[in-house]
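Next come the structures, one after another.
In what follows, chain A forms one complex with chain B and a second complex with chain C.
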Partner chain A sequence: MKKLLTLTIAALLLTGLSMQTVSAQDAESIMKESHMAYYYAANDGVADVHMSIVSKRGKERVREFAMLRLDIEEGGRQNYFTYFKKPSDVARTTFMVHKSNGSNDLRWIYIPSIDLIKPISADDKNSSFVGSDFTYEDVSGRHWLEDNHTLKGEEKIGDKDVYVIESIPKEEYKGFARKVSYIDKATKLPLKEEYFDKKDNLEREFTAENIEVIDGFTTITVRKMNNVKKGGHTVVTFNKITYNQGLKEDIFTERYLKNPPREYISN
Partner chain B sequence: MKRFTILSILIFVLMVVPYANAEIHTDGFVQGLFGGFVESDNPTLSDQSVSETRLQVRMSSYGDNGEFFSRSDFVYDGISDTYDWEIREAYLKFRLGSKIDFKVGRQIITWGTGDLIFINDVFAKDYRSFFSGRDDQYLKAPQNALRMEYYNSLGSFSFVFTPRFEPNRLPTGERLSYYNPFVGKIVSTNDDPMYYFEPPTPDPTFGNSEFAVRYQRRVGMYAFALYFYKGFYKNPRGLDANMMPVYPGLLLSGFSLRGQQFGGILWIEGGYYNSKDNEDNANPLLPNSSMSGLIGFEKQIATNLTVNIQYQADKMEDYDKFEAAQDSTFHYRDEIKHLITSRWTKMLRDETVMLSGFIFYSPNEEDLYFRFSTEYKYTDEITLTAGGNIFDGTYANTDFGQFALNDNLFVKMTYNF
Partner chain C sequence: MKKALIEFSIKKPWVVISIAVLITAFFAMQFPKIVIDTDPQNMLESDEPTRLFHAATKEDFSLYDFIAVGVVAEPTAFTADQLNRVYRITEEISDLDGVIVDDIMAISMVDDIKQGSGGSVVIEPLMEYEIETDEEAQQIYTRIMDNPILRGKIASEDGKAIAIFIPIESKKISHRLSEEIRQITDSLGGNADYHIAGLPLAEDSFGAEMFKQMAISAPAAMAIIFLLLFLFFRQIKIVIAPMVVAMMSVIWAMGLLILTGNTVHIMSSMIPIFLIPISVLNSIHIISEFHDHYKKYKHKDATIRHSINELFVPMLFTSMTTVAGFISLALTPIPPVRVFGIFVAFGIIVAWFLSLTINPAIAMLISDKTLRNFGKSDEEHGVLSRVMHSFRNLSQKHYKGIIATSFVIVIVAAIGLNMIIVNDNPVKWFKQSHPIRIADVAMNNHLAGTYMNYLVFEGDDEGAMKSPAVHRYMEKLQAELAQADNVGSTTGITDIVKKIRYELYSADSSKLAIPETQPEIAQMLFLFEMSGGNPDDLFKFVTPEYDKANLWVQLKNGDNMAVSSVVKRGNEYIKNNLPPDGVTIKWAGLPYINIEWQNQMVTGMRNSLASSFIVVFIMMIILFRSIRWGFFSMLPLTITVMAIYAFIGYIGKPYDMPVAVLSSLTLGLSIDFAIHFIQRMRMMHKRTNDFNKTFHAIFEGTGQAISRNVMVIAIGFIPMLFSTLVPYITVGSFFFSIMVVSGLVTMLLLPAITQMFKKSLFKPVK
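Right, the complex of A and B next:
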């Protein structure tokens, strides 16, 4: 009898454990797929970006820039090129990132008025991207292996079925203590993300405001980050998106930082 | 020289014609800058360090063959009640084949790794602007030049040919006072118009043109560069036989290395200044040849707070010969001049407020310069800035001590369009 009880408990524990493992794996593979769909669509991408940063008091600031992305390895190294158009005091400034998972990203800025190329120390991925409510990491993506993911359930957002996945950083992280993502089952794109701080207060909330299929790739064209804690929000609109333009790795070098590739970037 | 001018005009015309139909993009700013001296005993005519209203217009256009860009400033000077204008930049950029880039015309050129310390960057600087609160972009003075960049698998090669020598713009005694070694005190043109300091530049002959070369490539995580320059010292550091200031001849060769290290950016740069008109460093009226080296490190030490620190050493080649010619009643420099600098930049309120400070300090020359500013981006269009420049030196004839009476505070308002 005692033996049976022990066995039963053991069996229960084992199934419990394995169930947990299965769901963890599922959650991780969903997050990986989501990351690929969101950050690595096609081999490269070009877009004109309009960013509206609205403060707590309702004051709006606008950033406009062209953005080029090239995937060097799917899910791994990636290069970004940004050319600012507005506001006019930063117009023509260019910015380049060589993202490499595992080690620090390399970032450079070129300030045309003084012809200066400057590498930027990229220690803090959690700092704001050009004063918006998005961080550098929100723009280029946080690797799915940096967090432990758990499938919390399934829900509906509008008419879309979503997975609800909780992510907890493996190492203590300033960006968030806990994140809940609502991943569209069909496209694997995040329709909503909630970032919680150490005290489990909702800090920021991401929502996909508009989704379109472009060149066969489902793309979130309007992205909103609501800064619940601080007040205010940022809305990013992607225009003139094109994929698989055949961008060359050469573009992501100092030469083009100083001489933006005009075939992809207008004034 | 003439041939070069004609050639430039020809290239210009050939390049502009295809732009006739191209869209021209225009933007710029209007800016008011007002500053005053802190010290009441500055001998300058006005106790205002700066009072100007500036309009900058930028125009750019590009086509399949290249790109045109111009930046022109129109300035009303409230101290002298005069108008002035300057073409800051006007150049054409185009590509020859797939490996060569050209940039021809009036342009701003920068290279090297130092932060406000320039060893291999011998392109013209404007310290009159730098010391009086104008935007950072005005530290670099434009020069009329032809720049060519050649890229191949070994790295990139840059050649800059400046037909006519372009010196640094230094305080002339008109707006900012300076130390005059002949009278042994700080002077201005208000004391006597003869103190107006703007030495004649070398004759515009082909032999006197400036030629600068850089080779750069990546070595692992680092950007490595070699530099060479033939021209003149950018400051009038010598005297001719009539004891008139001159720009002595210079041959400069150097290197730099910069990359990510220790969670920040690390840079090292060195250069050998060969005072080519002063063989064996025997002429005490001309500068001694010297070696200059610097090391710097920058790191984001807290959210939105970036700090850097640099150390530079500048060593004279034949100090004995230099020292033998010095008058011991005046301060003169040590064999090695040490300089420490540090920049602090803090961003606040979603990067709309920027506090920054930069200090230069030479412990053995007992020389100091501190610049600071607060910038507030009220809207995308309107920026408000307030700041100051503080000079302090134990001796009146050191790099910054010579400007010791020019301490100033300024306010600036910019409307970007």
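Right, the complex of A and C next:
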């Protein structure tokens, strides 16, 4: 059904329908597709992540972690497992998220120095992810139904044709007041996103810095978040990406927090 | 040269006046280029290490100057209604231009570290949305009291007061912002009291009010001086001259200051107020002399020639000594004081020159008809003349008593000088009834303080600030500082680590302690970042590289003396208990900068006062060609300086910036009367060769001129006593006391001394 809808839209667009007649529904389905392409590629994924957080003054902090993802339902529940390697004084810290749309996510952290597993609150999706310029929501995705989307036009970014879509939260949201996404028509991946605050000042700007096709899935391997408001930026580089490894759901349980699955995580 | 100048002024008055007006116009044209600077930080050289370190600290930890808003409500501020008001007020303040929204510290903006469901650690806004019930308000209160990072800081322990700390882009906008905040609290505030405080606000508001005061005080002083002169001389055209001289001197000095690219600082804004009396003094002497002798000579030019001849040397020396007093300020290490000293000195030279030219020129333009009734008749016995008679009788009959009394005064003053307390606080530049002062008292009574100092820990490598040794040391230093009365609260990275650990172990108070290992500290902080904590909140206390940490030391009292004692306490602890290897600890913060420039001010002023005292003494010896006369001439000055500063010591008024700067004025002005008295007494004695005649005459001419001066200046600056700014009151009081004291000492002690030593001081000329 969904595919049919997409096909219909594509067909309509191809027939050269003017912008004005493209309804909100169309923008929403583009955003949904984009969400799927970006956050739900394949059934599971494994990667080594290098995160460079650069402050306003140009000082760099580095975080390195392995990241495992398993989709429980397409576009729905999803599990994440993160194993930190750097900085060295937090090495062996692990972090797990059970994401479920609609209700609150569940998060746990394992603190190796005191050998303790603790749930941590997931109320505030807008808070920074491990001190970077990305928020938790940037990492795990914001559900497309939480915003009203409008197709503002079409543009070119580099040699790629993009949809320009404006999203406004349905309920007042501290994360942003308005977001403009530039969605690659071909891959549906966001090439650029702009986050505006209440006063419509640009706060943050996401850009896809490098895109590769891995195991048949087009993947943004270098992601940059430029913190326009505060100064500074974060660059996240995904290395050694593999898809469809057949991750088991039981990896994403408290037991593995203390003893991470070594077959997927190298030091 | 002197003759040529005077003759020119007498013969070509219009030319003299035209040239003066043209030059004045040129300098007046510089005024639109004025650059105002009210930042006390500029009291220090721009490359002063303290200042550079403070700037680096602000940069390292993204710190801003802040305005503190205090909300005081009885019986408690923790009701749903009150908190919602604070919530809305904070929202409105966030929309103001120049506010660093992300760093606002307020109940509705800060994060709290607490336990969530299922034993989780949650870092989330303390009050994210408006609340419904008073119970929720009470819960918020409990959360604050349970959080050492927030307790006392954003709410008082008695629950009556709430604070909002508003970081701002620049100190220069704090006055404007405070007015906008006032509008917000007026419309949304409800019944609570709202106070707006903070050092940056005091400093910026002082600048704003200072210029208002200047616009009132200077013209008011001019008006009163004009009126008094008119009362004395009853001839409006004659008394216009001193006004013109004063105005021109001020315009020339300020014009040159602006032309040379100097900013008008708190100090230099006072230049007019200092120049007006100094420039009027010379003119009064000239007019007095003219007035006293016009009836005798009957011709304007003859009278003028006589007056200038009589006054040229004393006027030159009174001006030179005052110049010496002010130019010595150029030796101080404080840039605005240097600028002030140099341009006041320039203005004095201008005033001297203009007195000698403008006064005669204007007098020449007055028709003889107008002057028909001008001048003193011999039959006249005015009040002044009677007062002078009693002075003469007193110093003739009781000269021993006067000299003995002077000795007693010197001894009593010497004791008082030792009681002087050196202290300053920009907040106290405002009168006690000023809203800024009231806010200061109210907020510092309830809360942890509106004055923020920083103790910066610098390690020699990245990650040094995660070491348990550093944390333990910081904790001990905090405990030490907490014992000082003035310290309302100290907050450091250690407090955050301990708080996270405490909440992690389900509020087990035994876990409110520093972890044993570096990884544990690192992981506690990592947990903070993972649990929704804003990393920027951490980086107010530690650099992202963890090579430096910043301990916030919040003070309730911004008096330099009180701040110094905290700084000393900290420094002593650091000296006696060395920090862990590789760690150095230094102070920063606005209150700390203020004590630093005060130290420089006090020593700078002492040196400049001492050097100008010596210079003036040497000038007196040269002028009178006698060491003994030189010595005597220094007595009125010495006694005046001692008496005034001893008075300050006795009444416990702090020796602050204005008091320090006024020492050079005191020195420069109090010598003047002595110069006139001695110089003219000796000139007269040369003519009369009779001590008794001379003694009699000096009280008539010079005595009356001096008493006119005393009254004109003392009364002229009385309006300053009603200023809302304490430094202005101080300046007004000083003018009053300098005039009265040095006038009295000159007219009593000097005659008494001449009586005592008349035989050797006034040998009959053969």
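To be clear about the criterion, the second predicted complex is superposed on the first by the 245 of 267 C-alpha atoms of A that agree within 3 Å, B and C clash if a C-alpha of one lies under 4 Å from a C-alpha of the other, contacts with A are read in each partner's own complex, and residues count from 1 in each chain.
Criterion: contacts are C-beta pairs under 8 Å (C-beta built on N, C-alpha and C of every residue); 3 or more make two chains touch, one makes a residue touch a chain.
Every value quoted in this text rests on a predicted model; they were computed, and no experiment measured them.
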Q.
Let's test your reading of the overlay: on chain A, do chain B and chain C clash or fit side by side?
A. clash
Q: Pick one for A:T93: touches chain B only (first), chain C only (second), both, or neither.
A: second
Q: Based on the superposed arrangement, let me know which partner A:V130 touches: chain B (first), chain C (second), both, or neither?
A: both
(Q) After the superposition on A, what does A:V62 contact: first (chain B), second (chain C), both or neither? (A) first
(Q) Applying the document's definition of touch, where does A:V213 land relative to chain B and chain C: first, second, both, or neither? (A) neither
Q.
Contacts for A:L116 in the overlay, against chain B (first) and chain C (second): which applies, first, second, both or neither?
A. both
Q) Following superposition on the C-alpha atoms of chain A, which segment of chain B from the set 19-27, 55-63 or 379-387 overlaps chain C? A) 379-387
Q.
Does any part of chain A touch chain B in one structure and chain C in the other, and if so which residues?
A. 53, 55, 59, 61, 87, 89, 113-114, 116, 119-121, 123-124, 127-128, 130-131
Q) Taking the complex as given, what residues does chain C use to touch chain A? A) 59, 62, 95, 102, 116-125, 463, 466, 504, 515, 517-520, 522-523, 526-527, 529-536, 538, 543-545
Q) For the complex, which residues does chain B have touching chain A? A) 23, 25, 27-29, 58, 60-62, 67, 71, 93, 95, 101, 107-110, 136-137, 139-140, 149, 151, 156, 216, 221, 223, 258-260, 263-265, 298-300, 303-304, 306, 350-352, 377, 379-381, 383, 414, 416-417
Q) Where on chain A is chain C touching in the complex? A) 53, 55-57, 59, 61, 84, 87, 89-90, 93, 95, 107, 109, 111-114, 116, 118-121, 123-124, 127-128, 130-131, 199, 229-230
Q. Which chain A residues qualify as touching chain B in the complex?
A. 53, 55, 59, 61-62, 86-89, 91-92, 104, 106, 113-116, 119-124, 126-128, 130-132, 174, 232, 254-255, 259, 262, 267
